[in-house]
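The following pair of complexes shares a single chain, chain A, combined with chain B in the former and chain C in the latter.
This part shows the complex of A and B:
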């Protein structure tokens, strides 16, 4: 303000005390309690809904990722650099024992399962079917993945010359426990690989592809039969925390030669990652709609506030309050409304999430098959995550400030003399 | 310092009312000396509120110049006009226009807070003003808990607590009964006579006019009579 305007007065000049605006903003909330409760309730409802659903959604993703990766693939895989694309039998990890030791010594790695993967013709008596032969170290597999424990009958691999078959493959071959199965394939150098195993167990994973084609056999015999030395196709790795698997991937890439590729689970199972991304996007759209509706309702509420208090604003302008300060007052009101709503919504959502983290939501019998197909358990458990707890509150906080700002922009154009004549 | 608090020279103001030009003020010359108690009287549409608004920096003339306490208003920006109102003028409105969520004391302190007066001084001046106007018992009540007369007294306290050079009152008695109006007018006269507060009020209430020592009558945007007289 120019000195000419106030030079002859005896009062001190100074800015508006922020606390004054804050205090009026807070008290104004309770002038129209019903409207405040409705606006606050809307924000609380949106925050509760979005936080709770996001927690459930993220919890489901955690379960899906863990279930999918712990079934067969592991959290991380090491392979020959070209094997993921070509899947050619000769593209192996050479000096596998040495690589295995390096991987085991990497921080974050809990277990490593070396595998030889081959396609072969399997025969029992007169029947023959194509099969995926997996040469495994059964003890390492049991520490790394779950599928080897999913036996429908018999027992797992315990000694040489033993094989475990998928239930559907066994049925197609007409094989029973104790039967001999002949495996014929092509060795690394082009020779014939011929092996004979005794069926000691039948696997039922619930995954059609595995149950229809899988034949598990001891790693040394498969390596020998298919002409491999100290070579494997895949090292399936379990890490201590799936959320930090990318860190382990970085460490492994630094430790292993460039002839090998290290892939995180989302590269090994891209369809799972894509499915989660698509589902996340759908969720975001739904959450966006819910929050947009509440923000529009808040805009309506603040439009009413600004129109109803036009005369009051005219008075404030007349006695010398700046339009910006009046707008600041409205913004404080909006902040209080959103903070109240967010606090209520977060408290309700946190309570529900914590409770459901213990008891879960039972999906019902009809959902069990569907759940298994998508690597899900038959109960849904939410996950307590910062993402779930912060996104909706922040969006609502900003949304409510914008909702208050839009109608209060009118105050900048308000003429005090006209406003004082307004109905109020 | 000039002895004139208000100096309006040849001011005109025309409004557009449904595209029809309405001449609210026509070539008006008007001056108010320090310490005067002036009533602007006239029927509705005579231009008295427009003149009051222009003096108060709430409206701008289409032509002519306005000075308040030696400051030319025509050249001031909107923010400078805000500051002028905050630091030099006091307003009393027809509908009291107190801030409903603040107590009487807080309403009186409000403008001082806007001015940045320290808390201790603010509280003391507000208490003293409420006591001076006989409403100290209402200090903690909010406007909704007070009668119209009490609210208007709080409005007067708010308007004069910062010692403005000019108190502008627009139909201050419009919502008051005759007894309360008389009490308010005695208060205004006391402030004028004992404290030297310069007062300009727009009114069509004969009782208010009778308390002013100078009556200015307007009709159709022109001053038709300007007379000093013995107040009631």
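This part shows the complex of A and C:
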């Protein structure tokens, strides 16, 4: 070991000496071009696949996160401390307009939508269905989330006594535009809430749960009808940068009383974060297998290189080269091979990614439905990211160095005389 | 030249460079074992999703009144003769159930929720998730049981418990609302909370009394899993027999009822093939590399063999055999290792409950068990051997390219 360490130190400090080793390493690559090309090709293949897949995979996450949070929930939510767990009607944010002002004034907050959330029986003529009644400030909602704009027909809330229904709910109730819908529910402190609205619009979000259950009505009327004062259940917040929403959460926590809870999107939609984590884990296993295989091939390639050149190494030893120098030379060869492979792989992957960023990948009809559940668009588009571009190249770089080191360890024990007599 | 001799030559050559070929073997083993394991996991996921979709009160085949799917209410119902049996040989059907399933509103003293109210014959529900749930309190006794069984999560939201009463409002056959009180017989604990929040069960006879009609809204048939695997036309066959019996009703299979799960089911098949091709692609660089080296160092030997009369085709055969033998050994060991990984290591499944909400959304279960399928193993074996031959083509061409004399002189 000590000998090898000394040898390598020489290479580093030896200036011209070290450069000579680098040059020999580079030239050696081209002595067996076929092998160099095959090893390089394997590395390029792995880098190309992993970088392209990762760009596609990671590209989806941002879209999913933005689509999911901008649909209904918002990036950040403020609620009564017990409301996320119990969802009890009386667990409201009191003095809502004051809290609203505080939230609006917080840096990073772009828009805030106050909501009253109540469950009620809705009826049109003889037919009744349960519905999720959302009392909303429509102007604030439009700045915060997308679902209020997804109208299938009619118009959005404009005046008092108007309601917008999910398309499926409307169909189940047999309601059409202009019909009167009666809302019956339990108000705060056990009172009966009874309200009448005119259906002015139908909402089609594509999310079955929403289309089947949602009824939007003006906030003040819902508050009054259900016996609430200046109270709401949820403040849905849009921040300026989704990646930094956690900072806004911290600021809000500092500014708001402890009776309220502030949750980031990944707490509001845990299934989304978990789905992403599971997906990432699956990806890691697959990338790991691909890269491990190519590293195995590289080890094999260097085993062949080192064994075929036993006589050459014997000669180098005989003319006074230290084993460390020879090992260093092989490490340089490995470095060049991996850099070449990485360059080719990255170039191909970038080309593919750029192309797919323009055209996208069509998922097919059935998969679209499935994708929509995860808030994914109908076409998948990859995205460039540092993570996607660097992980595979770094792993392959290190892997190839190790692949070269394993067989070349035996050079340390090589005796010049024996090596010269070895079979070529 | 006899094949046996060629095979002998190839095998001996492989043993000449043990270290190198062991390394190659190792790479093939890792590739094949990796493919076997990942395939089994993907298959496990695929079948979990189908099973969850089928167990979700869907069954493999369902009979519904026309229009029920668009507008599910008690008007979209039908009468079922009391002695009705599906006209399918026993052994192919695991079970069937007739139900009423209608939307309703449920109220406790404190809260109100929208639910699916399902009237069942508890003895028949071994075909749905209801057969697998853990119960707190009692289950329903029979089809006439007028108590309800609700999900643990729904009970939590309604702030109620076993023995308490709930009021349920739903629409009767005359279009008027019915309101009735029900005592809670028990709570069921299903996997995840989505089902628990959605379904409230009572006896189908009791629900018929409430809506004042002797009807059901669906008949769900579940086929034997083994019979489905051996006979891929079984589902279509049973479906068409049911359709001719219930000629005025809609007969649908799970693919039509759960299109997302069905799309995923089909998608997985091509995903598995693509994944295998990717792995083989990564492997083939190393394989060609090894074979070409093995050929180049023996180029004089090949020249000599040619000079003493070995036909070029025999040389090619020898290289192809070498590749095939190493592939065959690698694939065999790889399959055994993959099988051991699937059974001994992950036989109990992978616990995914940390991500329960995420995988519930994906329609999976919280324990992912690898599912090793015979035809996947065959596919991997056959395609690996094909790849072995393809990888040998270039090295073999190198071996016969040189003229015998030139080769000897090298």
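Going forward, the second predicted complex is superposed on the first by the 404 of 424 C-alpha atoms of A that agree within 3 Å, B and C clash if a C-alpha of one lies under 4 Å from a C-alpha of the other, contacts with A are read in each partner's own complex, and residues count from 1 in each chain.
Criterion: contacts are C-beta pairs under 8 Å (C-beta built on N, C-alpha and C of every residue); 3 or more make two chains touch, one makes a residue touch a chain.
If you're wondering where the values come from, they're calculated on a predicted model, not measured in any experiment.
A.B. asks: May I ask you to decide whether A:130 touches chain B, chain C, both, or neither, giving the answer as first, second, both or neither?
C.D. replies: A:130 contacts chain C only, not chain B.
A.B. asks: Just chain B (first), just chain C (second), both, or neither: which does A:38 touch?
C.D. replies: second
A.B. asks: On the superposed three-chain arrangement, identify whether chain B or chain C touches more chain A residues.
C.D. replies: C
A.B. asks: Contact-wise, after the overlay, does A:253 reach chain B, chain C, both or neither (first, second, both, neither)?
C.D. replies: The answer is neither, since A:253 touches no partner chain.
A.B. asks: Touch check for A:28: first (chain B), second (chain C), both, or neither?
C.D. replies: first
A.B. asks: If we overlay the two complexes on their shared chain A, which of chain B and chain C does A:322 touch? Say first, second, both or neither.
C.D. replies: In the superposed model, A:322 contacts chain B only, not chain C.
A.B. asks: Once the structures are superposed on A, label A:410 by its partner contacts, choosing first (chain B), second (chain C), both or neither.
C.D. replies: A:410 sits against neither chain B nor chain C.
A.B. asks: Just checking: does A:312 make contact with chain B only, chain C only, both, or neither of them? Give me first, second, both or neither.
C.D. replies: first
A.B. asks: Give every residue of chain A touching chain C within the complex, in rising order.
C.D. replies: So the residues of chain A in touch with chain C come to 34-35, 38-39, 41-42, 45-46, 49, 86-89, 119-121, 123, 126-132, 171-172, 185-186, 213, 270-278, 285-286, 289-290, 292-294, 296-301, 303-304, 307-308, 364-367, 369-370, 373-374.
A.B. asks: Contact residues on chain A for chain B in the complex?
C.D. replies: It is residues 1-2, 4-6, 8-17, 20, 24, 27-28, 30-31, 311-312, 315-322, 415-417, 420, 424 of chain A that touch chain B.
A.B. asks: Which bits of chain B are touching chain A when the two form their complex?
C.D. replies: 1, 53, 56, 58-59, 69-71, 76, 79-80, 82-89, 91, 93, 95, 97, 99-102, 110-117, 158, 162-165
A.B. asks: Can you list the chain C residues touching chain A in their complex?
C.D. replies: Result: residues 19-20, 23-24, 26-27, 30-31, 34, 38, 70-73, 103-105, 107, 110-115, 157, 159, 169, 171, 175-177, 259-260, 262-264, 266-267, 275, 278-279, 281-283, 285-286, 288-290, 292-293, 297, 352, 354-362 of chain C touch chain A.
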